[in-house]
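Chain IDs A, B and C follow the sequence of writing; residue 1 opens each chain.
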């Protein structure tokens, strides 16, 4: 089943297309890495897909009313805003809002989901602490937990691993892998090509608003593409646990 | 008014001395030909006492029917707005002002060499003839004054009521009430009412809480007619608690006749005496 | 402290202060006599005082305080800024301007609800201006500056309108409109304010969940299914309605919406949604307490409520600015 389908999605800022006729489709059980240089339009693509930006073209998510959409897809923005010093577990509980109607209070199911997400992101010790007192990396994990707790078939995440320790970066992406195994999907934009290569089953490469490649990591990360889009030479090989990718030098 | 006659001579002498000091000129040899008044009460005293053509300007308030008892007479005279420049350009021989007139204006006029006489507020019925004599002396019209004062005192005697009559209270916008040391107090007590300011122990005027007014439950509540344009200060006069008070009690309005210490207070007195008769007849 | 304990505590405090307000006044009757006259009075002077003077005053204090506390919490939740407050950002001042214009042009005399409606319009213009100038993307500095500008303009225009009035008392009323007072209010004021306040309370109350979600930022809140446009309208109209009605009958009372949410926030885990009803109760308590204090401190004078509020609120405001100065500079 298709969890997300974009057809000819275009976002213009003035005359310039920030996202130019993007077409893609994501089914169940995938971890899709969205990669590309700065300004390629990755964040804009995801926000337009969610209907947070006006756009032309089709996105399957906009066919749903906002409440239903919130139960189908969770969005983890790049700006990690936490406006008030609420307790970590309260913040994570906000992910349950789409499942609570009107003035309904969270029930035992919701609390169980929160506890599980906190455990998954290694935050159980911080449950009662005000979220604003945590370090940047810890806050990032709290916000990821919020997205997990929303229990949606699809998660869109914008640079969720930026600023995290290597261990937590790996744990997060492995978590996404687990979700995929359960039949859910994650579209995650990443800057770290090594992580993307290793943990994603599929990569989508964007350059200047266009999708220029969509497929398996070793196919997408071909030397031509790397030179063309990123201007680098890199080492790519298959290790015992997965792909190993390391940028080597800049092409003058 | 025996006590007034006795002290009156002393006060007259003091006023004359004060005038001499303020003006720093010798006592007047001839009557002033051009008199300007810049205060509502001196306007009216001057209108009553001045010779034909002696009074050349009155304050603009003198023409306001809501405030001035002599607005018709005042409409025949040009007005000034109390500014030093305006008054100076009229080249007056004498300016009549109140003791609460803008001190900067008064000082400015004096420094320009103009004589300014500041007449005090009348705080009692006894002050009325005194102020008249004071102004008359300045205008050199003592005889005219004596005639008016004679009539005034006859009317006063005629309208005197016995004490301990019904209880009266003043309630003005912003909950303002009057004390015992005021002309209005004298008017109602002379007409035979007892004024609740004595019960409340208030000799000065000021704000009184609505609660206390309601509890005092006077037989007569005296207020003012509303001015044009709305004001929140006047809202309190429409408060339901006050309204139920004035439903059982009488309401009355104090108009221009009450404001200044002139013989016009006789009209106010007459009204009060009539109301008192009505109240006592109704009981 | 559990949520239930906090809300019960607040409700008890409001109730106690309400009774205390009924017992406070220049007329010196004892508590037994007062309450007896209130409940069973026969139209004599004491029951008249209790029912027509003290009771509407106490009720209005609760209504005004609840409106100001609630709208302060809502504005802070929506703007994600603890400095937002209807008095400070010029909403109360503009409401006062609307009320004054309605009174002086005679519009207020046309139908009973004309006065609060005019105040609501004034408040609405201010809220729209603030959101346009310092909306969700704007920071503290922009908010305070916009608030200063709007307050100053509204205050000056209010003074101008009153100066132009043919009524000699109008000019002195500037003080009432700028500082606020509950003295000698009657049930007419209660009746006139209640419809608009009720609408405001409902609209603001419905934003609770949205404000909670807004903790994560606008994008995340939208992705959680919150309709941001609709929430924005509810905050705008709810604030304008509640603050407009409160200002129409009691003048511009500042700082309530600043002090109350600030004090209650630590007790409620900083949750914006819970702060709404808590701030309504807290605001009622604060205004009741201040109204009692003005009658005890200077019983003969009509000390304006705003004076006490400023004494309490302005130092707090300065303290908050100091604490957040790094973000401001």
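Basically, a contact is a pair of C-beta atoms (placed from the backbone, for glycine too) under 8 Å apart; a residue touches a chain by one contact, two chains touch by 3 or more.
What you see is a predicted model; the values in this text were computed from it and never measured.
S.K.: Strictly by the touch rule at the top, which chains does chain A share as contacts with chain B?
M.R.: Expected: C.
S.K.: Going by C-alpha centres, which chain is most central here?
M.R.: C
S.K.: Quick one: chain A and chain B, Cα centre-to-centre, how many Å?
M.R.: Computed value for the inter-centroid distance: 85 Å.
S.K.: Could you put a whole-Å number on the gap between the CA centroids of chain B and chain C?
M.R.: Chain B and chain C have C-alpha centres separated by 43 Å.
S.K.: Which bits of chain A are touching chain C when the two form their complex?
M.R.: 47, 50, 52, 66-67, 69-71, 73-77, 79, 81-87, 90-91, 94-95, 97-98, 100, 103, 130, 143, 146, 150
S.K.: So in the complex, which bits of chain B are touching chain C?
M.R.: 173-175, 206-207, 209-212, 214-215, 217, 227-234, 236, 239-241, 244-245
S.K.: Which residues of chain C touch chain A in their complex?
M.R.: Chain C residues touching chain A: 80, 208-209, 212-217, 219-220, 222-227, 265, 269-272.
S.K.: Write out the stretch or stretches of chain C touching chain B in their complex.
M.R.: 25-27, 43, 45-46, 48-49, 52-54, 103-104, 106, 108-109, 165-170, 172-173, 176, 184, 186-188, 299-302
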